[in-house]
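Below are two complexes that have chain A in common, paired first with chain B and then with chain C.
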Partner chain A sequence: MATINLKTREIEAKIVYYGCGRGGKTTNLEYIYKTYKKQVTGDMVSITTEGDRTLFFDFLPIGLSKIRGFDVKIQLYTVPGQVQYSSTRKLVLKEVDGLVFVADSLKVRREKNMMSLKDMQKNLKEYGLSIFKMPLVLQYNKRDLANEGFPMLSIEQLDHDLNRQLKVPTFPASALKGEGVGVTLKECLKLTLKSLKKQFQEG
Partner chain B sequence: MDLAQKIKRLLHEADLYRSQGLLNESLERYTAATELIRKVGRIKNKESILRGIAKKARAVKQKLDAFEQAPKTPEMSKEIQDLIKDKFSFAPDDTAGALEGAIALAKFGQFERALDEFRNLLNLPEIRIPAAKNVIRCHISLEAYDEGIEEFQSWSAGGDFEPAQLENLRIFFQGILDKRGIDRTVTMVDAATMDFDGEIEMMGLDPGDASEIDEDELLDISSIGIFMDDGPQQGELVEFDVSFQSGNEVSLLVQNRDRALVQHLSVGTKLSSIEFYSPFAMFKGSGVITSNTKISTGPKRGDYSLDIKVTST
Partner chain C sequence: MNEGVALSGSLSFLSLGDLLQLFGSNGSTGVLRVYSSHSPEPGVIYLKKGNPVNAFAGSQTGTEALFALFGWIEGEFQFTIQEITEEKIITKGRMELILDGLRKLDDGEVEKLGSVASDTEVSDIAASDEGGPLIKGPLVDYMYIVDEEEYSDGQEIVREKKHGNWIWVVVQGVVQVLKDTPDGPIEVVRLTDGSFIGSMATFTVNGNIRSATNIAIGNVSLGVLDTQRLFTDFSNLTQGFRRFLLSLDRRLREVTDRVVEVRGRRISLDAWVKGRKPAIRQGKPEKRLFMITEGNATVVRYTENGYIPLARLDRGDFFVVYRFSILGTNRIRHPSLPLPI
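What follows is the complex of A and B.
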């Protein structure tokens, strides 16, 4: 749950990038860190293990311009995607305000995408949160690899697998090239701030 | 697709997946290609192709092994530990926040630093017991059983804990050791094994049973989720951290802001659907509220202490 500090006029919210291992979550944050220098308010912290795989999480603080006199501070996190880090994923998800699910467009990762989405739903449920009520966007990453001969999932297939019931905004992307990264984050921020506004109004 | 094309395709995909760090997928394809080549009777440079594939597969396997064997919870730098402590503590007040931060360190496997933090928290009477339990948990996780027993004995020699609290901590510690099949006996130092039978009785425990752990005792529970049948959060799973556990009874500390919720958890209320989260597993069960008390003194004044007896898991 986001915190709102009336004294300092600050709103702090947490957005988590979720998805299967090697899907491009860290690459999204790296691109944001490199590209949106004005908005980035601190260093990006990556806690990795062998082969540059995320071990605990990545963390990147960013700031948005004032909204109705309030400074909006956003903390971006990634979860470790590898299956064995299940408890860490749940831990990182605690008090989440918005989610970006990064799906891998490679055909060979189809089942992993679906399992990861299911895992996210389960972890949210354990915190009493519904995947259907959370600010959530899907990013279909690695679209550029179609040109390199990789067997790919079509957008329609990804929609069918992951977004049939959710019906949330989706974005094709190539995080490595930065394509689709900004628009994904922007939409997630929009949904998250809208949701926070509603929560605060409801008291 | 003829066989040669199929092999070519597999090797191409194996190389592509390797370049993406998808090592399992890459290895699968190298293996499949190898099997296909072996089946083919005549193939030019067969042995040298197989050697080339085997070399690539070995390199992928080595990377996979290195990942598998890498420490799952390596000791992090102080800066990272500070970040964990800060960012994974959500409680609004300082004391609960400090406890939560220390628990987060332990959950991320930073046991040495967590131990230091919990030890500092032993000075705060309102969270002394959960801090002590977590000191014990850290020693268990570090497999430093003798050091843990020594530390427990230093508590029993000091004067900060009530004898009944010490006995509960001893039961807690011994219970974990026994469950893990670790052959150690947790004893108090003589000075503190004074006459505490009366106090144990006051806590609702039979002094005769106090030294024995029920075989069916629950796993060590860190938090629970209650599906609310009633009240403002009806139909929702509400999660609480466990502040203390003794056998099949868990204690929760609920903040005053959640008093509307607490009012629907009066003594005797049966909770038909509870999720129990332990460091090792999550399981479901039921329970009954055995105590619901508003804390009237100390820094937690106004908050509520709830006890739940677990009736089935």
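What follows is the complex of A and C.
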């Protein structure tokens, strides 16, 4: 549930990028930060956590309608996957409004993807949230590596592994090149806003 | 002192990270004091327009002190609205301080004060509340899987007495294991997700003769294991341990054969116990590992309905109250009662 800031008349919602280490969560956020600079308010916070970095910045989506006269500000986060970062994860996942799960298309990361998704479900459950009810999109990242001859998981395989039960929107992407990053975020924003409007009993 | 208190409460309910976010979005100016029974002095954080400008914790000041306060996970807090004349010592942004503070706490760079409440265990989510598990099948190590195969209902996967060295893992579905008997096939067991088809005998020089027939019940997907890779792993084990594993494998075959004989009532207990002395008795503590260097032994289990023969052991076989089961969650009482001649 998003927080309402009465001082700034903003609704602050939170979208978290989840996924296994080095799968491309931070690359997604870095690309968004760079490309949509005008919509970013404030600096990007980058904390080095083992195996990956934890990123955070505020984002003002344009073209999103107001909710009950309030502007919507989105906080974008990545979450450290490693088990030991429970305090960090707790803060990041607390009151999360939307999720992007970034899956690694490399064949060798197949098990890691599945474990990470299960882990996400477990962590959400700790805050009484159900993965089946959250605004969630899947991104199949690193599609470009197919051209370099790496053994890849096919889209069908990834769907089969990760999206059989969830049945949420999925997007192929190459975060490093920026491909698919925008559409992933857009879809997640759309779903998140829809869910927020429902929470605020509007529309 | 209570006059200016705007908010107070328990840190275990609202953590420092939560508080700083709250004051941040509120743009609050004032002093946040945190009290812990493990520190004689309270920790103090000065906030200006929602941002921490300075902090004190024991002998520490500034950013260092603020980070240290993230370790105060138990205690009380009190926020007082007042004008702040403190110099801005802390320059980092609010969110960076919060995320880095928590990171330091998680990395053990910041000491936790007080008893550490263990994280609440989340019950098994394998069967989630909404329509089945999120991810079907076991989380097998796909590094070992070279291919996946699909079988439809009634299709035969392996046939008893045929040669074959492949090992599969059941990714999804049910596989029926059948043994041939003069009275027709009987079902030994049904395997589901995460079970293996095949045996360690695959790694022996002679290769493997299938000990049972496996048939798919409904649609089954199997992962074909990389036997070459498994063999490499296997051959890196010590010779003693390899022999031990193969002995266990033989024992499983033996027990399965007995089940079939018992079912067909073609077994006489006399041959199993007569003239033999017990070496290990069921239920007695036994820590030694035996290898049969000469002769043979039988394993029988005593039940309410009398003795049940389980396996015949020969030269090179092992017996021991081995507790692999300790590694897992199931603990079983070992039934072993070998009777050497």
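As a convention for this text, the second predicted complex is superposed on the first by the 167 of 203 C-alpha atoms of A that agree within 3 Å, B and C clash if a C-alpha of one lies under 4 Å from a C-alpha of the other, contacts with A are read in each partner's own complex, and residues count from 1 in each chain.
Rule of thumb we're sticking to: a residue touches a chain if its C-beta (ideal position, glycine included) is under 8 Å from a C-beta of that chain, and two chains touch if they have at least 3 such contacts.
Worth saying up front: this structure is predicted, and the values here are computed from it rather than measured.
In the superposed pair of complexes, A:Lys125 makes contact with chain B and with chain C alike.
Of the two partner chains placed around the shared chain by superposition, chain C is the only one that A:Glu12 touches, whereas chain B remains out of contact. In the superposed model, A:Leu162 lies in contact with chain C only, and not with chain B.
In the superposed model, A:Met114 lies in contact with chain C only, and not with chain B. Of the two partner chains placed by superposition, chain B and chain C are both touched by A:Phe56. Touched residues of chain A, counted separately for chain B and chain C, are more numerous for C. By the touch criterion stated above, A:Val45 is placed in contact with chain B and with chain C alike. Touch criterion met: A:Thr88 reaches chain B and chain C at once. Once the two complexes are laid over each other on the shared chain, residue contacts for A:Phe200 go to neither chain B nor chain C.
Touching of chain A by both chain B and chain C, each in its own complex, is seen for residues 45, 47, 49-50, 56, 84, 87-88, 91, 94, 108, 125-126.
The part of chain A that touches chain B in the complex is made up of residues 1, 22, 45, 47, 49-53, 55-56, 59, 75, 84, 87-88, 91, 94-95, 106, 108-109, 125-128, 145, 148-151.
Of all the residues in chain C, the ones that touch chain A in their complex are 15, 17-18, 21, 25-27, 70, 93, 95-96, 98-100, 102-103, 105-107, 119-120, 122, 125, 128-136, 139-143.
The residues of chain B lying in touch with chain A in their complex are 12-13, 16-17, 20-23, 25, 63, 66-67, 69-72, 74, 76, 80, 83-84, 87-88, 90, 104, 107-108, 225, 233, 236-239, 275, 277, 279, 282. Across the complex, chain C is touched by residues 3, 5, 7-8, 12, 42-43, 45, 47-50, 54, 56, 80, 84-88, 90-91, 94, 107-108, 110-111, 114-115, 117-118, 121-122, 125-126, 130-133, 161-162, 164-166 of chain A.
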